[in-house]
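Each of the next two complexes has chain A plus one more chain, namely chain B in the first and chain C in the second.
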Partner chain A sequence: MAVLIDLVLLSMLAITALRVIFLKDLFAVVMLFGIYSLLSALIFVNLDAVDVAFTEAAVGAGISTVLMLSTLALTGRTEKENKRSSVLPLLVVIATGAALIYGTLDMPPFGAADNPIHQHVAPRYIEESPKEVGLPNLVTSVLASYRGFDTFGETVVVFSAMVGVLSLLGAARRRENSDDAAVIVAGFKGHKVLRVVAKLIIPLIILFALYVQFHGDFGPGGGFQAGVIAAAAFILYALVFSLSHAMQVVSPKFLQLLASLGVLLYASVGIYSMLKGGHFLDYNKLAADPLVGQHFGILIIELGVGIAVFAVMLSIFYAFAHQVERSTIK
Partner chain B sequence: MSYVLDYYNYWVVVFLMMAGFYTVISANNLVKKIVGLNIFQTSVFMLYITMGKVSDGTAPILAEGVTQYSNPLPHVLILTAIVVGVATTAVGLSLIVRIKRAYGTVEENEFENKDDAI
Partner chain C sequence: MLVLDIVSSILLMTGIFFGFSGAVGLFRFPDFFTRVHAASITDSIAVILIIAGLLLQTSFDLNTAKLMFILMFLMITSPTASHALAKSARHGGLLTLGESKQQQKQQKEQMQQQEAGQ
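The block that comes next holds the complex of A and B.
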């Protein structure tokens, strides 16, 4: 049954991708891309990657769709007719694709338990991590403990992406008398249903984000997903009740501080474990009992990741939305 | 039939990768190029997760009575890659916004000869 679901979903994914190529209306392209992300999230669930599915659903169908739509608001929604011949790109793609298909024939068969990938480190993670880290969710153990360096690097990359976006677009600033602008931009202001529904679900989304954050050790979830979900709640608020209202709740300056705080919180765990006589990010040294130390370490660095991702996502959204607002006033 | 089932996932991954690649090299519009890049990226995610799957395995969350788990390592790599991916996409989109402001267009063939405009 799982195989059948896999076949159907993957075919739907392929059809969606094909449609994206030929559509000229970029608004439809972005919407299709949201569907594409949601379909891939379903496939990830079917392939046992629940944590990944969680992230893809929140990021692909949520944040990146919003960012692409705000870019379209600034650059126009239709693609111009392409006069260039598409024969050469097509030839290149077919040749590369054929070579890759030939390459896949050497791959081990899908799903076999004795594939090389399952022989090296995975057995150790599955067998030893209950004794070494003691968390039921192996993905969290590997992410936060075994590969803590890697995750730290990725948090820094996300942080530097925020620095990049803010230096390209300029940081959004809160204005005092921006009621006129707010009315223009918040097209949803007259929609009573949207406003009431948004008011009802925003607290629930934030509550869910906190659950995902702190339950990530035991079930699917963790800092990355929680940060994105919490940012989505504030983005919804900004879309329905106008940007300036959202900025009154969480100001852009505060978000920049928060993003640095998240990264520093992560780094400080590493420094602290060094002061305790261990290596960088060696959680065993955080408490007398190594397992308790692991729990503390993972809890704090996941919190750092959650705070950093939340702040980065929301300030990137602020930067884009601020540009859209400026261009509508002019 | 089992031969097709063994490789179907990989073939779809290659198809998606090529669909994304084609969009990147043939589209004129920069926003569409970014969408193409994202499709390419998702196909790589799909490749990793496909490799991590074990038939009759379950999600890698320890539970009683379960003996076969799927490989958690690709999940970790891809989970963080998705978040990093959206952050880098945002940088790309903000570059597009700046290009629009400097050249007045986001169609690749229209700003080729406009280097003096800035």
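The block that comes next holds the complex of A and C.
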């Protein structure tokens, strides 16, 4: 049954990908990308990788769709006609694909129990992590404790993405005269249903984000997902009640501070454990009992990740939306 | 337990039927508004039926509460999404089937009048 579901989902994935290549209407392409992410999230669920599925659904289907739509608002919605011949790129792609398929011939059989990937570190994580880290959710203990260094790298990458976007688009600033902003909102003034429902649902989304953040030790979830979900709540607010209102709630300047604070919070846990006489990010040294230390360490670094991701996602959205507003005023 | 299983599978089946008919409507109906109508209405009833069917499969614990939350969330968001979709289509100037037919008729009449005048 699981194989059947996998096959159906994978073929839907392939069809979506082909549609994405051949469609010229970029708006539809963005929507198909959302569907693509949702399908891959379903495949991850079928593989019992709920944490990854959660991230894929929140980031791929949620935030990145919004960001791509706001990019479309800046660039226009149809693809430019490509006049160059596509023979050479096709040859390159076919050669690369053939090389990759040739490379897989040497791989061990798919899903076999004695594959190197199941023999290397996975047994140790599965057998020792209840004693060493003591969290019910293995994924979180691998992500935040065994692979804490990688996760720190990811957080820094997310942070530098924000730096990149802000240096390209220019940081959004809160305007003092919000008259011209009011013109753009006029289209949404009539959306009474949307406003009422948004008011009802935004607090619930933030509550859910907090649940995901702090329940990540016990179930699927964690800083990345929670940050994205919280950012989604504020993006919804900005979309329905106008950007300037959202900027009054959380100002762009404050978000930049918050993003740095998240990364620094993560790094400071590492430094603190060094001061305590351990290695960088050695949570065992955070408290007298190593298990308690692990708990503290994971809780704090997940909080750092959550804050950083939230601030980065929201300020990237601010930067895009601010550009859109500026270009429509002119 | 057997009765609950039977009731739950009946609920799931009818839920799937409504979901499927919504999908058929999405493809077969003539214009945008009728399609949104087909998709959104069948979607709401399908969600209610399927989650009700799943609720009977749980052993009335935390999972039941989670399913109830999901049901509540979908009951609020899915009609709102359809509403926003239809409203923004209207806002963008899309006409319903009847209206666009009427418009075509008027244009034809105008053309005929112009020809008669010439």
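Please note the rule applied: the second predicted complex is superposed on the first by the 323 of 330 C-alpha atoms of A that agree within 3 Å, B and C clash if a C-alpha of one lies under 4 Å from a C-alpha of the other, contacts with A are read in each partner's own complex, and residues count from 1 in each chain.
Just so we're on the same page, contacts are C-beta pairs under 8 Å (C-beta built on N, C-alpha and C of every residue); 3 or more make two chains touch, one makes a residue touch a chain.
Just so you know, these numbers come straight off a predicted model, no measurement behind them.
Contacts of A:Glu132 after superposition: neither chain B nor chain C is touched.
Note on chain A: of its two partners chain C and chain B, the one contacting more of its residues is B.
By the document's definition of touching, of the two partners only chain B reaches A:Val93; chain C does not.
Once chain A of one complex is fitted onto chain A of the other, the partner contacts of A:Val197 are limited to chain C, with no touch recorded for chain B. By the touch criterion defined above, A:Val59 reaches chain B but does not reach chain C. Of all the residues in chain B, the ones that touch chain A in their complex are 5-12, 14-23, 25-32, 34-36, 38-39, 42, 45-46, 49-55, 57-63, 68-76, 78-80, 82-91, 93-98, 100, 106-107, 109-110.
Interface residues of chain A, counted against chain B in their complex, comprise 3, 6-7, 10-11, 13-14, 17-18, 20-21, 26, 29-30, 33, 36-37, 40, 43-44, 47-52, 55-56, 59-60, 63-64, 67-68, 71-72, 74-76, 79-80, 82-84, 86, 89-90, 92-94, 96-97, 100-101, 104-105, 107, 109-113, 115, 117-118, 121-122, 125-126, 130, 136-139, 141-143, 147, 150-151, 154, 157-158, 161-162, 164-165, 168-169, 218-220, 222, 224, 227-228, 309, 312-313, 316, 319-320, 323.
Those residues of chain A whose C-beta lies close enough to touch chain C in the complex are 187, 190-191, 193-194, 197, 200-201, 204. Within the complex formed with chain A, the chain C residues making contact are 73, 76-77, 80, 83-84, 87, 91.
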